[in-house]
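Okay, got some structures for you below.
Next, two complexes with chain A in common: one pairs it with chain B, the other with chain C.
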Partner chain A sequence: MAIHIGRGIASIEYPTGMNQNGDPSQAWIKVKPDGRIDVFSGTSDIGNGAKTIQTQIVADTIGVPYDWVTFDNSNTDSSPVCTGTFASRATFVAGKAVLKAAQRVRERILEVAGLEMEISPEDLEIADGDVLAKGAPTKKLSVGDVAAAATWGHGELITGTGAQLNPYAAISDPTTGEVDGVPHAAISYAACAAEVEVNDETGEVRVTKLTQAYDVGKAINPALVEGQIEGGAIMGLGLGVLEDSYPYYPSAEHRGDDFGSYYNPSSADLPELHNIIIENPSADGPYGAKGIGEMSNNAQPAAIATAVHDAVGVWVTELPITPERVLRALDARAAGSGPRREGKHVIFDEELSINAVGSGKTWTAGP
Partner chain B sequence: MNIVVNGTNRAVESPPLTPLLHVLREELDVLSPKAGCENGGCGACTVLLDGAPRRSCLTAVGSIGGAAVTTVEGLGTPEDMSAVQRAFVHYCAAQCGFCTPGMILAATAYLERGGSTEVAAISEALAGHVCRCTGYLKIVDAVAAARDGDFDLSTTAESPHTTVLG
Partner chain C sequence: MKAVGARLPRYDGVGHATGRTVYVDDVRVNGMLHTKALRSPHHHAGIKHLDTSRAERMPGVAAVVTHEDVPLLTYGHLSALGIPADEPLLGAEDVRYKGQPIAVVAAEDADAAQAGVEAVDVEFEERPALFDMRKSFDADAPRIHHWGAVYPHFEGEMNVRQIRKGDIERAFEQAYKIISGVYRPAAIEQMPLETQVGLSVPEPDGRFTIYSCTQALYFSMGVVAAHLQLPLNKFKFVGGTVGGGFGGKVDTATETLCTLLAQKSGRPVKWRWTREEEFLCSSTRAPWHMEIIDAVSADGWILGRKMLTLHDAGAYARFSPYGVTKHSFHHTGAYTIPNLHFDGYVCFTNRVPTSAMRGYGVTSVSFAVETHMSRIAEELGVDPLELRLKNANRIGDTSPNGITYTDPSTVDVLHAIAGATDADLPAPYRDASRDRRAGEWLPEHLVSQLSDSEGH
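This part shows the complex of A and B:
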């Protein structure tokens, strides 16, 4: 028995948002008479931090403190349309919608402040909740006073809407495949280097280190970006070496039938993690941001597979890389069939699909 | 029967074999213990019984006797959080939040019984609590630092695991 150490690397490029299918997000912002800001958006926050990040975007764009802004996504009926939190789009697409709405609110605040201060709006700016004359910051009026003047003096509601939609890029030339427009709004890039220990007697693979670099355009909230990178690392580790609902798919044999027989990673599987955040700004995203969500768990399984090859010289071409698969690959090599590359051989068969198996029917492995 | 939840004596109508989890959530409206797997595997339903972590989904309410039940509502309030709660905020150690109450209770009990702040020991101690969002690292970092207790909650802890390239 020996423990073999191996290292591997894999990379991914990932288009942010739905691109070719159109995925609008809309936002509406209103300013209350005391200057506090209400944002209405349909973006659900599933733990990715959409509320925090969109609140930051609104506060920074208007020029008011973060805690002046209330982000209300509680009701998708009264909120404007947002197609949702998927496709890594919550910051990139929905964040751009709130950015545009906030820009309009800022313009309206400056217009009303201009009337109150008798200064042209172009000569005013907003910082930390105050409207200031450029170059003469002692001349100032708080955003709360501006909003009160709009409400009680001018009979106005300071409000703004914003929407973001990446237009559909039709194929304009069927021979060359040339498209009419921009096929992708932004491409993110990432790479993962994995270090593993492989036990050649038990076949066990232990991931000891993941070093990952993500191009996120702009890390609007670095702690939340780290959360996505680290969460993705452990999801990718699970996909790489642990998680399998149907170990002999399409057969349901040895299918786990309760929570305890599904191996999701625990804190005991936590490897050493190194995160590298690369800020390579996008042209379209808010403050140059791109999506990070979904690409964060793609590169690890491939990096782990190459690390296993580096460690013990066999390619395991099915995921997860279980002890059984490692031992079978080692046996095949010992039997003289050389490094084995299986390739894909499962052809979709409706009768044998996961849906059919999951419906409670039982199947035996076919020929 | 009566049980003591977060220092308050509460009357319980449910039959004695009802899981404590369901008594807390459905009868007493204590919602921080989460119904995850409901077979003892995920840790989301964890409560403290006289300070020791227990899976409330597997604990019949009639079996706890006079043991004091503590949930995160009993550890602190948003204005006056416990050291572990403050550490979780400062280290940004929650994403969706489903595992967080169980994690905080398990970590509280672990530190109170003198657990080591070595990363490997914390990882082992919390291994019965599944988190699918965070990748565990920020949770482990928060628990390792929690004994310090005194965090500036207007800032987020700088991660020693990250490099930013412009």
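This part shows the complex of A and C:
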């Protein structure tokens, strides 16, 4: 018995927003008489941090402290349309909707402040909850005083709406897949290096370290970005070496039906994690942000599979890389199996191909 | 202080950490009924006989709903994207997966509801079932839908999602090696701590307040409104806080049936799936079957890719055609490959319908492409980082469907990983950038794919 150490890398990309777009998000904001801000957005928070991210965007865009902002996504009577929290769209698409609503609110605050201060709104700015004359910061009026003036003096409600809709990109030629517009809001990028230990007697693969770099455009909240990187990494680890809804696939029997019989990662499986955040701003995202939510479980399985090969010299390309699959691959290699080589062709996994199951379909190189 | 860029604590973190956050199952209202479902015990069967009259008379049972009670039984969640409806809210003439709901019973408590379910008289005629998506094309494969076992409704009523770019034949002719591999990631569970749960409360003004764990309030409200054939002002969805979704709470699982039961009984109806139902009856990530054949040069350029993808949709389409389309758009991964021939199929099996899960459509192809890249590096004796840096997307390159990459970061993330793992990259790889291709980064085979413009 020996433990073999292996390393592997993978590099991926992932789109932000629904594929082909056409997925609106909307928001509206109102200002209380003391300047505190109420945000109404239809974005569910599934643990991705949508409430936090949208609150941060609104606070900075208007120019008020974070804790002045209340975020309400609780119901469809008060909140407008959000297509939903999926497709890595909440930060970019829904974030842009609240950003636009906040810009309108900011404009209205400056207009009312302009009347109160007898200064043109273009010569005013907002910082930390105060409206300031540009270049003469001693001339200031708090946003609370502006909101009070609007409410009691001008008989106005300061409010703003925003909507984001990246236009639907239709497939204009279904034979080539050509589209008539950009089919995503942005693209995020990541790379992952995995280190594993493989036990050649039991076949067990232990992931010991994941080093990962993500370009998210702008980390609106770096703690939440790291949460996505680490949470996603563990889900990717599960995909790579543990989880299977159909342990006797393709049979649909003998499925795990509780936490004891379905094999998912636990804290005992946690590898050492090293996270790197890169900020190449996107052209159109709020503060340059792009999505990270989903892609964070995409890079690990291939990096792990490559590391297993580096450790013990076998490729396991059916997931998860279970002890049984590792041992069978080691046995096959000991029996001399490997890719079939013919001329310039190198053919791996022939036994898994659709050609091998006697299907009505065949598949070969060449057009 | 600026909020953007700050490590602020999660807005609702204290509630989550202390158990004070109110999730759907924490909501209890007076007179609330509890729900259980009659589900298919078979993978594939005809329903020969269905009679709920005995169940309706069971003690504590307030309402039973079958397909006959649904104003619009079959509604396509993605009809707007051209994906036709194929899944009835409740099984009517056929059941196509084990666990498919046929009738739901609302009663004073869960035990009475379960007793009601067991009093439904139902007879099945079992049919042959299909589980291996590779056999969906067989002439003698079980017919799962009237069209067979392969989705026929891509644009132009094609049964395949195709990508064609460049000249794949020439790429194979020019190749130093042609490297083939097969990649098969498994179905897995989204496994939220909070199982599927909903509560529908009929209000005195004729509206329904629906407490929902959905990831998409308006989307789910649209689904309920369509099945009930009522306008949106009849509903108030309450939610926004989800006890784990990961894609498994985009399809609408409980809200429509709770509301039909509430409508029929005039009482609030809650339906919380058991852990067993969550594992066995809710959608999973799809199993995928991917075959990649790459034409490569001796020094590690990917000249062309031919790829076959089969996606196991399970018994119904749900989001599967969307997933395969997204998959096709990203089948070159983070690299620029000028000559492409991609065929992707949505295959039906008698499995629980598969649907959205984190990374939908692309998680599969990331695994396939990256493992294949590692194999190519090994076969050619090229450093795996260098192979990736060489083929990396750069500004001005074009995607499989001809879209210009404006801000790709493949080079940057690879450099970050190289630095963090103390990889010794030689020049020119150390000095590579994401800038538009020129000189040694612009070999002849990549010239024609370049975009003329800097923009899209």
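Just a few scattered comments:
Here, the second predicted complex is superposed on the first by the 320 of 367 C-alpha atoms of A that agree within 3 Å, B and C clash if a C-alpha of one lies under 4 Å from a C-alpha of the other, contacts with A are read in each partner's own complex, and residues count from 1 in each chain.
Just so we're on the same page, contacts are C-beta pairs under 8 Å (C-beta built on N, C-alpha and C of every residue); 3 or more make two chains touch, one makes a residue touch a chain.
Because the structure is a prediction, the values reported are computed rather than measured.
Of the two partner chains placed by superposition, A:N199 touches none, neither chain B nor chain C. Contact with neither chain B nor chain C is seen for A:T16 once the two complexes are overlaid on the shared chain. Once the two complexes are laid over each other on the shared chain, residue contacts for A:I278 go to chain B and to chain C alike.
When the two structures are aligned on the shared chain, A:N166 is found in touch with neither chain B nor chain C.
After overlaying the two complexes on the shared chain, residue contacts for A:A219 are found with chain B and with chain C alike. Between chain B and chain C, more residues of chain A are touched by C.
Residue contacts after overlaying the shared chain place A:G232 against chain B and chain C alike.
In the superposition on chain A, A:G260 makes contact with chain B only, while chain C stays out of contact range.
Within the superposed three-chain model, A:S44 lies in touch with chain C and out of touch with chain B [touch as defined at top]. Contact with neither chain B nor chain C is seen for A:T91 once the two complexes are overlaid on the shared chain.
Where the contact sets of chain A with chain B and with chain C meet, they give residues 46-47, 49, 213, 219, 222-224, 232, 235, 258-259, 264, 274, 276, 278.
Within the complex formed with chain B, the residues of chain A that make contact are 46-49, 213, 219, 222-224, 226-227, 229-235, 258-260, 264, 266-268, 270, 273-279.
Those residues of chain B lying in contact with chain A across their complex are 37, 39-42, 92, 94-97, 119, 122-124, 126-140, 156-157, 159, 161-166.
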